[in-house]
């Protein structure tokens, strides 16, 4: 399994990028070249140099340090938002699958459809205008949109597993609803959920960047890739690199998580398993 | 008409088919019987030039004077569907679910440039009628899912015989069907062979089905020929221990309360088979020689590739 | 021999209907009578064969006998108790008496569970108090009985051949020492040489455990070989029923005759 994984190009590339982003985020907890919050107006809008690897912004803050802390921020949003989606979504999906065709199932799935009918970012903006801007509220908004995604995936996969004989065999053995889900269904759909989670993770990072860009996500002075982009807009003519670096950071990590998801999908698919 | 000589198929160096030779005359039916892993389906795919990419075929497959293994894919297309028809176990996977069955039959005819679309559709109706589909003129515009399993298999047969091939390869064509439907399909295949003169290579795991359709039988195990001969003789007095074991394992004719005589063990993976006789290890008569050397054919009432064949009666 | 034995399983006028999708916008939904008014009895130590083609309702019937599916009409009794009157808890506590072996040895074992846990599952439900050691011993004992070794315990289903998996499935069904075993096409997916091994195993175990067996198959030869009594099903109905030898040597119903005639034989 591990040998096969290491020969899978998109998995390997995705894993490396993901590890790099996670490593950077973790490192920022202990060390950054400069304190990303400290402004040195004298040093504003410096191009990349030995002192400031990626230059400085309009307040003289070190861009590299800000990107590092921004990575931590993006990861935090991703983890919590996807975590909300997985726990609530999978639970709802299981409840729906268990009572397939029942009123409860209908209610859950229609609620999911309802959420899907709205453009995610637009509704996130709506939610944030109600709850007020801020990173915690952004996480909640993004998390809410992850719930129906996981509910659907989990329900569909669970129904497929439930149609198989070993579920019937478990019932014949005397197991009932909850313990069948715990013992048989969850382990068999875990792979699919993990794949979906890595894709949703990429989307969550993108959404956080988008909301922060609009100024309703992560609030200053906490650095965020999206807000860095927004700030850089004003100085696009003078210092175009200011926009390019956070843009690359976003693109790079989204790509990484997507590749990881692709790779995992291939690796966890029982159909491609070695015979 | 079809002569397979020393066919060897390997997958990354592991032999899947070992030195297989057999022949088939015009209008004849040959039954190929074997369990899973015997290589019976691979043999069919090798003849059609449809082996999975990782497999290598050596030897000769001579069909109407041409070695098919030498042909590239473009040249092979002139044979596939045109001169050699094929039907599979599960017609649902071989039929395109989004096209009407008449169109699918006609497509083969148009593809091989035999007739134009209008004529081909008319021919499709005639073929459906020929394979025993009732109300054929209405059924041409049915979709595969609207048909029963037996009807789908009839459509497959109509498709396979549309270009009047001289060879039909049938890979377990009735294994997914109920016995009553199976019986009808077997009758149909026999009629078509007799009336259209199509030679038939009939692949099955079921000796009783083979007994019904083929005059000659070839028994495969682990990619090698075990025994071949007249079907009646082979079933009545098998000479190879494997054929004998296979027959003894059937419950047919055993009275209640008596024990069956299974072949011990299970079919090992291809890479674990002995270089000599693949049946070595499960064979009650095998010895060291069998493990290391491929057994030579022993010609008597049947031909058995065995160092210790039974005496024919 | 069996007429006086205690009645283990009884089904009375069982019916199960499926609603099909409606044809057209306003048409009524057609109803498929999967099982139509079927009654049966199974006595201690007896083997009942159920024969039928696909769509005959034999698998639906098996699931209703196992209380895996609710009948629309009729009732099922295990050891004289009407199971539809039992509470879910009471039903669960009686499941160890009646177990099942499925057709597809690839689908009936959870691919993510070790053989030890798969085989132990019915025991876990019946005896949750069992120590890990006793549980393992019980699994090992039954695995050895079906011809597998301790080596199998820690392995996963995909590491076994079809025949071995069916042995594992049988071990699992027998670990609670049931009195009734329902086998739904247990050898249809297996190679001929392996079929005979599993059939021998089943008849040995039947004798050893004193099992009453319901053996469902489309293969008349196998049913004739194994069953004392046989029931022929067609389109959800029982068309013929009787002592196995009598039904096969002198079939009374047209459908049974057609089936026997269609069965390919070796001496044709």
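To keep things simple, chains are lettered A, B and C as they appear, and every chain counts its residues starting from 1.
What we mean here is this: a residue touches a chain if its C-beta (ideal position, glycine included) is under 8 Å from a C-beta of that chain, and two chains touch if they have at least 3 such contacts.
Keep in mind it's a predicted model, so treat the numbers as computed, not measured.
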item: Co-neighbours of chain C and chain B - touch as defined; value: none
item: Chains most often in contact, by C-beta pairs; value: B-C
item: Inter-chain centre distance, chain B versus chain C - centres from mean C-alpha coordinates, in Å; value: 33
item: Centroid spacing, where centroids are CA-atom means, of chain A and chain C in whole angstrom; value: 47
item: Centre-of-Cα separation between chain B and chain A, whole angstrom; value: 52
item: Partner chain C, residues of chain B touching it in the complex; value: 35-36, 149, 178-180, 182-183, 186, 205-209, 211-212, 235-236, 245-256, 259-264, 266-267
item: Touching residues on chain C, where the partner in the complex is chain B; value: 53-54, 161-164, 191-197, 199-200, 203, 218, 220-222, 224-228, 244-245, 258-259, 261-268
item: Touching residues on chain A, where the partner in the complex is chain C; value: 164-166, 168-176, 183-184, 187-188, 270, 273
item: Chain A-touching residues of chain C, taken from the complex the two chains share; value: 63, 66, 68, 88, 92-93, 95-96, 99-100, 102-104, 107-113, 121-122, 124-126, 158, 169, 172
